[in-house]
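Labels run A, B, C, D, E and F following the written order; every chain starts at residue 1.
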């Protein structure tokens, strides 16, 4: 991610909170302030890379920072910066809301990655498009920081044929053929199936990957036994930190989980400001 | 919220997912499709009011809808709409991500409101500024739909003096006096304190509301006993569905909770598309 | 106001005047130029704080400046800056139009403040929402520079129930009750009335402030006599520099005036450019 | 002006006032309302053409309207519209601020046009670039509605060499020659002079128009006597409704006035809303 | 492409040409006009799908249209529409510039597709990222209309390792391994090589596709003989309508050409407007 | 062109190519890279002035540059810059696409200027509005760099009455009179004619310039013989490098050509990146 695009997005978040005026913090204009982002729980830090260029753009000076991906614990200081009091107070909540949310995602991703790799060292934990509206890019980045695979960035970067597409375009084979014949050779084509039969059809029709949707681990296992190594196999559907090992142990290549973005909890952090 | 501003925001979310092109769904262009948003868990529905003008703007026809605030259960249909297959598939995830997230917030707000009012019928459950970056307006709306008080929309609409402001501007009394003398008569002034002494000072200096930050219920109770009815008293700091009753039973006027926006889980929903 | 938001707005003003090209000034590209903003009338200076970060953003160097709020007279130099001739000429009119307009507002505000405080030292002179479209934030700032109270920044920061709301929602009492029950505790609620009876009703129903709309000074006085000190009383409606003392002498708390923004005259200024 | 660009600008004005939420007017959502824009003073109406497509875009229905350019008097109704109460209340101030401001400009333009043409029937009253930042296009339109000439829309549409350009680029002759040789044949070239000598030089060098800056009427007359009919002559500099006849009677071709945009007063109007 | 995004882009093009005002066409306001887009050369029509929703958005009525992909000849009418004269004249050039440019691209694409398939029926003619800045999406669409493969939409949708990447990251094998290990499983990975040796290395390291850059047809042939059917082979580098057959006859899978976007000529068209 | 506006446009081009992420180039983050823009054909360089402020804005350092307007040949280095590898790779194509396209325009403009001036030393070669959508300002600049006249920047800066306007508004005389009476004195008025008779009418009615549309050189000559020196005469319509001398030799004042923008070929260039 280029800094210029990251800053643009953070300015829109700041605007939401502080435009046209911070009616409390403006009284601190002209007072030099020092700020510390303190972690209040255990987890994986994420968002510092995003926040730092933004703070610099706002005229603040970075006095210290941990790297994204660092495992942090209660009391750790993630970031220190300094500058005009009005600006420091205005950015406070934007900084915290972004870092807390992204660190929460990296934390749960890492948790699932570790659990899954414990039983299946080559498995990938991937995200989905069930991200927070407006935060897609940042959340995909948080997944990578947590050791996961971002999966598609959007509808534009690879083909994933789902049940709804098949409902409109025909059966598994027919839809796959039609889409394949009209899609750029630069794109992978994945298709979602919900039965062993459809998985076999998808393989025969040349899908690059097959998404096994909402299947029991035992069903996933059955397909893995048949197709492992011939096509990328991805399991998905209500997989979370509590059942991820079970799915991983089927030998599937990829496990994708909406939970890590739509239901992860923010990592608790606070920002302390002092006269410097 | 005026439709025109809501649509503008949803278009930016759609763009994030579907611009420049939905390389899968575009093959459904020209096929008329019918879609149903199905609820897969119990909760309070929120977001239909936001989604409907957006769908209309996209040229889709609404065929049925439940109202925001409705209690929903697994299997309920929240929304039905119809139109060109390419458009239906392109909006699918934006629709789901928005409704699921907001319904999750309304659901947990309602849960906390009911618990709190069970022991203190006049108490208000309020949000904070710990909202998802870019979703502030929608999340404040979801809090109201869940029966809560949105609290400040941002730094611009009322004064809330926090510890960081006091660190920069002086003590409780001095900061309050300075801010009060320079703030428009149209704004309420609230101040955060962490001791009984400061609460009494804040009251004497004419604060409109006092935020009791990170206090034990017993400490809150002590201040409530002294100041109830003389100034608005708000408890805050790690209050969640599991300890809200304890805080409510102190008799405090308002309980604010970041949990409802930063750590609520999305309400599970899916969208089924068929040829119509 | 944070510099980043101020600059964004000024760039849009510059674009209006100088995009895609200043077909005259472009011939001065490469020539170093020195510029002076000269005041040509007496008044209160306003806008330098806004213009300076913009000029710096445009790559110009500030060589001297007076502070907003300074009383200026014909011949005074408000601002000096230096840089590439093409840029200096391109920003000339934007700079002058902004400073002249805002200084005009601060000047008339100060005039009214002084007249009003002469007879009622505690009275506040407040703005209204009758500002120039697109300049709200800057004009509110100019009011504060002139010693006035900005009043509401927009429809979002506090409640002001006017005759049109009452026409739609019911009588004074009914509207006030309905709005009060559904408004966040963080917002003040003010209501506009046009009779003594309604003022008393509004007070009883717990309004935070009462706007006495288009009343004669004698009527205002009558209400002040009854409610002074119990609720904030604001007089409004065609109050201008020529009748403000009369209204101030009623003892009212606040006098708001659309005149200061919609009908104030720009303070005459010019910009002289030389080779440096 | 194409409706689509006008609407875009008005939405930004509405946003300034009503985003994220009209915390008072939102309670009128669902109530059908009827609104009338009433004139409260005498003048020339302007802005209806701009407001009407915006109101339609907002989903409101036009029930009656006067045309821009109509002479109006106290009590006249300029515009009637109907629709949802929340929307009607949200647009109220934007509508009034735009129409009042523009009508104020058209009114004073018409006044100056009539005075000037009384003594010099062919003279044109022109605007300047001393417009309100952000309102250039609308104010130029208001000048035309008042019978005036809009003059340059910005720095991009024709060349006007002023004293500051000459200070940087050389004397009148040298600057004119340089600019002429490098300017598209599609643009007129005007030059500002402050002496008879320079006016004659400018004419000889082939200027299309000469701006006589801050001269006494007698000086203008002297130049008019020499150059009338050979080159367009424009008088400018502190010309207002009180001295316009004197300048017009010199026989000059064009009189431009910053007064009509920077110091005109808004035409008083109000909007009354009722249940419909 | 969703209509809403297409319209947004076309409005920005219109703005470039017609904002703030069409000083000629505005005199046609109120006159109903009928317009015909006439083709003046032979080629493949492209852009109607893009222009039609834009014209509708502008309030114009479509009276007839040919489909994109139609082979057209001099005298053919591609599009007929009707509406207000000011709007018709304002959109004229935007409509023509878009349709002419895109049709020029589709035409040359089709020419190269036909030539190439004549000697190699399965070969694909693909675009590159050498598109006109700001027109990427539209030009990729024009390539598809001409029978070509759009190739990557941008840097975001699949991996293409070029010589510059290898210069920075290491040799072919090392770069490929590093990138592969850190790229989402959803993306194809292609690598550019300029020798047979590197092509073989790339194949062994598991590239999905290999781009043979600036090779002679004979060199391409040599690699095709070795790797055909094992990995996608793409030839690129100064391939144009005059040498495409030679490259196609090597048996390569894909031929990509910057020529079709950066050096194709617009298809000549005109727009005739009449009173309707 | 002010740098700030140029940068804004280039960022939008970069976004088109590299947002949200350059999935290949991001692996070069942290590696310092050096880049050279190399010319691969003969022509006139254009675009360096535009690219340089953009590269600086992106945090890259300029290490050497040729000036726009320089005649370049195969092997020449137009620009050298240095900085972070991820940024260098992300901007590569935007830089090349802009410089190649603009240099192609300057090159063909210069070619036509030289040919035309060979037979008519005072003739001007002008552009048209047949520019690439979104690139108008840059292409007009490229025309000037090539020695041409940019002609109108858009519909806003001068009046050009074409056949379509006459079709809607009346005959040549009637349209010209109507438009003249309602157009600002600051604008030139040109009219397109297709016969000698209409050219004479246009001259009598006081047009500032006459566009001779799609006439044979002999017809142009006939009009030039009658009107040369009395009014600006412009020939237009399918004039290109192969017939420009013939038109120039008629003695016409201006020759405008859409060819130079809509059908010029990009000047071949490449960018080489190395570790620095």
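Here is the rule we go by: contacts are C-beta pairs under 8 Å (C-beta built on N, C-alpha and C of every residue); 3 or more make two chains touch, one makes a residue touch a chain.
It should be emphasised that the depicted structure is a prediction, and the values quoted were computed from it without experimental measurement.
Separation of subunit A from subunit E in touch steps, taking the shortest path, is 1. Counting the residue numbers used at the interface between subunit A and subunit C, under half appear in both copies, so the two copies meet with largely different residues.
Chain centres computed from CA atoms place F at the largest separation from subunit B. The distance from the centre of subunit A to the centre of subunit F, each centre being the mean of the chain's C-alpha atoms, comes to 45 Å. Separating the CA-averaged centres of subunit C and subunit E is a span of 52 Å. With centres set at the average Cα position, the gap from subunit E to subunit F is 22 Å.
Taking the mean of the C-alpha atoms as each chain's centre, subunit D and subunit F sit 32 Å apart. Touching two or more other chains at once are residues 18-22, 90, 136-137, 153, 156-158, 160, 184, 187 of subunit F. The complete set of chain-chain contacts reads A-B, A-C, A-E, A-F, B-C, B-D, B-E, C-D, C-F, D-E, D-F, E-F. Across the complex, subunit E meets subunit B through its residues 1-5, 136-137, 140, 153. Interface of subunit B with subunit A (complex): residues 10, 12-13, 16-25, 27-28, 31, 33, 85, 89-90, 92-94, 96-98, 100-101, 104, 129-137, 154-162, 164-165, 167-169, 178-179, 182-184, 187, 262-263, 265-266, 271-275. Only residues 124, 126, 149-153, 156-158, 160, 184-188, 190, 209, 232, 253-254 of subunit C touch subunit B when the two sit together in their complex. Those residues of subunit A lying in contact with subunit C across their complex are 11, 14-15, 18-22, 26, 57-59, 86-87, 90.
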